[in-house]
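First the structure, in the form of structure tokens, and then the observations on it.
Each chain carries a letter (A, B, C and D) given by its place in the written order, and its residues are counted from 1.
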Amino acid sequence: MSKDIKRERIARRIASELQDGMVVNLGIGLPTQVANFLPRGNDVLFQSENGFVGLGPAPLLGHEDPNVTNAGSQPVTILPGGACFDSAMSFVIIRGGHVDVTVLGALEVDEAGNLANWMVPGKIVPGMGGAMDLTVGARRVIVAMEHTAKGNAKILKKCTLPLTAIQQVDMIVTEMAVIEVTRQGLVLKEIAPDTTVMEVVAQTEATLIINDVKVMEV
Amino acid sequence: MSKDIKRERIARRIASELQDGMVVNLGIGLPTQVANFLPRGNDVLFQSENGFVGLGPAPLLGHEDPNVTNAGSQPVTILPGGACFDSAMSFVIIRGGHVDVTVLGALEVDEAGNLANWMVPGKIVPGMGGAMDLTVGARRVIVAMEHTAKGNAKILKKCTLPLTAIQQVDMIVTEMAVIEVTRQGLVLKEIAPDTTVMEVVAQTEATLIINDVKVMEV
Amino acid sequence: MSKKLRTPEEALREMQNGATVMIGGFLVVGTPETLIEEILKKGVTDLTVIGNDTGFPERGIGKLIVAKRAKKVLASHVGTNPETGRQMHAGETEVVLIPQGTLAEQVRAGGAGLGGILTPTGVGTIVEEGKQKIEINGKEFLLELALQADYALIKAHKADEKGNLVYRRAARNFNPLMATAAKIVVAEVDEIVPIGKLDPDEIVTPGLFVTYLVKREAPCDE
Amino acid sequence: MSKKLRTPEEALREMQNGATVMIGGFLVVGTPETLIEEILKKGVTDLTVIGNDTGFPERGIGKLIVAKRAKKVLASHVGTNPETGRQMHAGETEVVLIPQGTLAEQVRAGGAGLGGILTPTGVGTIVEEGKQKIEINGKEFLLELALQADYALIKAHKADEKGNLVYRRAARNFNPLMATAAKIVVAEVDEIVPIGKLDPDEIVTPGLFVTYLVKREAPCDE
């Protein structure tokens, strides 16, 4: 399966978690694609941590406003009914529990719902940006990532990289599976139609609680 | 001397402390009168802790805007160049040291620059409102009050009433004297033309450092 | 028509006895009088009321005090309503007096997911009683904890249909702060305009904070 | 003519080597490019720079990093400027990474006279190293201290002659916060309008915070 198809599948599945009226923050990269798979006329309100709500699609070429970009510096639009604010208010919204769902990428996730997605010591240290606040503050944290990296498991018994936040992840969506984080551990809720429970288990270091597994809509 | 004349003298003297460009917050009552004695065309910026700067004089009768009142609930105006904000920003300005001078009334002041002006236990407990923040936050705290209350000294060795703030008062102006609060104690800087140093000392419980005393302009 | 628009009765339907209620306004400027009337009509009692002040006996929060609907009041100033003082001295109502800037930060912290803030205000006064003191670079601060509520009843000037709010002049005061700090936020407004009529840069409270909109029935403040 | 209007050179005349400088903007949106150019021209160095990020190598704060004017950087994100990472790994520049919401609150606290704030962000991560942890109702928070600076260099859209500022869209970001937290605040603006042209309700940064106004020389963001 190509990277693009994997990513589209993940984004599409997460889009189905978003409901009208929700306030949603999408991380940079794969998570940003989630917005592309919402039904037309949806009423999901996207928050952009650089300072506004009502984040809309990219503008037509030549209609970019240099003051309207997403947190990844790409030109976007502000939909009617949107509102702008400063960075303190942006994180009042984020840290204060006013974001219903955040979708974030991950380097590692573990059985306790710990997340590592901001640095690899000695290699990449881009900084956490808003990720630590988003993970701690959003009511629901959904991790969007490919199931493995170069064949190595990313869903671990215990994260090895520096953490972004402890015990905050609620759901993990990969091209192979949908996994819920519960107090008891990771529950395998859905698997993709082109894989098996055995295969998912094999690609996952963490213990999966397997009970009533559905087929993921792709 | 009538109460009105005393108060006008105090307000007038304090007005001469205010310079163009200063941000000033005047307490309710006597301090409010200070604004009446500034030269025409002055550029002092008055802050009103209920949420704006650019506080102007009372409006003409019939031109009151119910949303434009001072912190004492009296109709006022907002001058051109004024700005409105919420209570958090109002106290960012006050607590953050962005007010150059605050003028406050007092029940008691003492040698250490302690101020008591918000309650008399068992009697009046109106609440401190913004007074504690103003006293702690303003760069310069000027107390405006009559020198005594029913013949009792108000400038004490040590305050007896619950404090508003410790060691924050910089200057005391009464109808009799101008007193500066220094690390060494209270320095008598000026006396009114209709009193004597002996008389001021007699009406003051605190020790006054007396060196080079000028005559107060009244 | 805004999906958030409710009658006062609908907006406060779930309010229970004993609820914690933040109420905006500064000496009744920017106070949601229509919602206060609804509390009186509804008959809920034993409220914990958080507000800058307790208004006047016949206006604003003062009406709730006079009608004895509050078992506890957190405010910076109660001097304009002698009944609050009377109830406090008689032990009928618990009154916690809080410096105004501290109260503003506590409400803001409640909305911002902060545990509290360190303020120099109140150090060396009775306000510090029972509070943790923390010294930073030789200067003492009081740790003041975040405040949250079941309801925030606020007053704005205009809303758009999404619930985005703008305020007018000194009627802003505690309203935008309280809008962030409660489970249910009811905004009483003079006017509701179509989506797009407010510029994104002029909106003070984004609609995501607002649960319900109620049209002001008391005379408008203009 | 505004009494606060200065040339870039006049506005930064007093800036010394070793100064602490807050610089507004989010990935160069709302960054005062004219003032950054002036720092480069002026030749001051050993700066401590506080900003959301370090821009790009050829834009925004990134230019200061590339020219090695910063001995220390406090930012939430440096990934868009590989030179910052290189200098950090080589030990040439000290880089302190701070969660974005924490940085915003620290700057705000600096402007607000608060000693610090308690945030849940960073608990259980390396961000908590060396910091005081405070438990409130069973939940842990980090005590994060206030930040202040010698200079805040900010970018606004319009000023009036009093220095009151309004911002445009996402170019607001850290600018209004930094405007409160420095001894000298220089606002680079696209346009200066006469007093009275801005409505008191639309002003985001009251002019009392602004020491100097500088007209943007870089191409305007519109």
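In this text, contacts are C-beta pairs under 8 Å (C-beta built on N, C-alpha and C of every residue); 3 or more make two chains touch, one makes a residue touch a chain.
Not measured: the values here are computed from a predicted model.
Participant: Give, as an integer number of Å, the spacing between the C-alpha centres of chain D and chain A.
Facilitator: For chain A versus chain D, the centre distance works out to 29 Å.
Participant: Where the CA atoms of chain A average out and where those of chain B average out, how many Å apart are those spots?
Facilitator: Centre-to-centre distance between chain A and chain B: 55 Å.
Participant: So, what's the distance in Å between the C-alpha centres of chain C and chain A?
Facilitator: So the centroids are 35 Å from each other.
Participant: Indicate the residues of chain A shared as contacts by at least two other chains.
Facilitator: Within chain A, residues 52, 78, 84-85, 88, 91, 94-95, 136-137 contact more than one other chain.
Participant: For chain C, what residues touch not just one other chain but two or more?
Facilitator: If we look for residues of chain C contacting two or more partner chains, we find 105, 108, 112-114, 119-120, 167-169, 172, 200-201.
Participant: Going by the touch rule set out above, what shape does the chain contact graph take here: line, ring, star, complete or other?
Facilitator: other
Participant: Write out all the pairs of touching chains, ordered by chain label.
Facilitator: Contacting pairs: A-C, A-D, B-C, B-D, C-D.
Participant: Given the complex with chain B, which residues does chain D contribute to the contact?
Facilitator: 108, 110-114, 160-162, 164, 180-181, 195-196, 198, 200-201, 203, 206-209
Participant: Along chain A, where are the residues that touch chain D in the complex?
Facilitator: So the residues of chain A touching chain D come out as 48-52, 65-69, 71-73, 78, 84-88, 90-91, 94-95, 114, 122, 124-133, 136-137, 162-167.
Participant: In their shared complex, at which residues does chain D touch chain C?
Facilitator: 105, 109, 112-120, 132, 134, 136, 139, 141, 143, 145, 166-169, 172, 200-202
Participant: Can you list the chain D residues touching chain A in their complex?
Facilitator: Within the complex, chain D contacts chain A at residues 26-30, 52-53, 75-80, 85, 88-89, 97, 99-105, 108, 119-127, 167-177, 204, 221-222.
Participant: Which of the residues in chain A come into contact with chain C in the complex?
Facilitator: That would be residues 23, 45, 47, 52-54, 78, 80-85, 88, 91-98, 136-137 of chain A.
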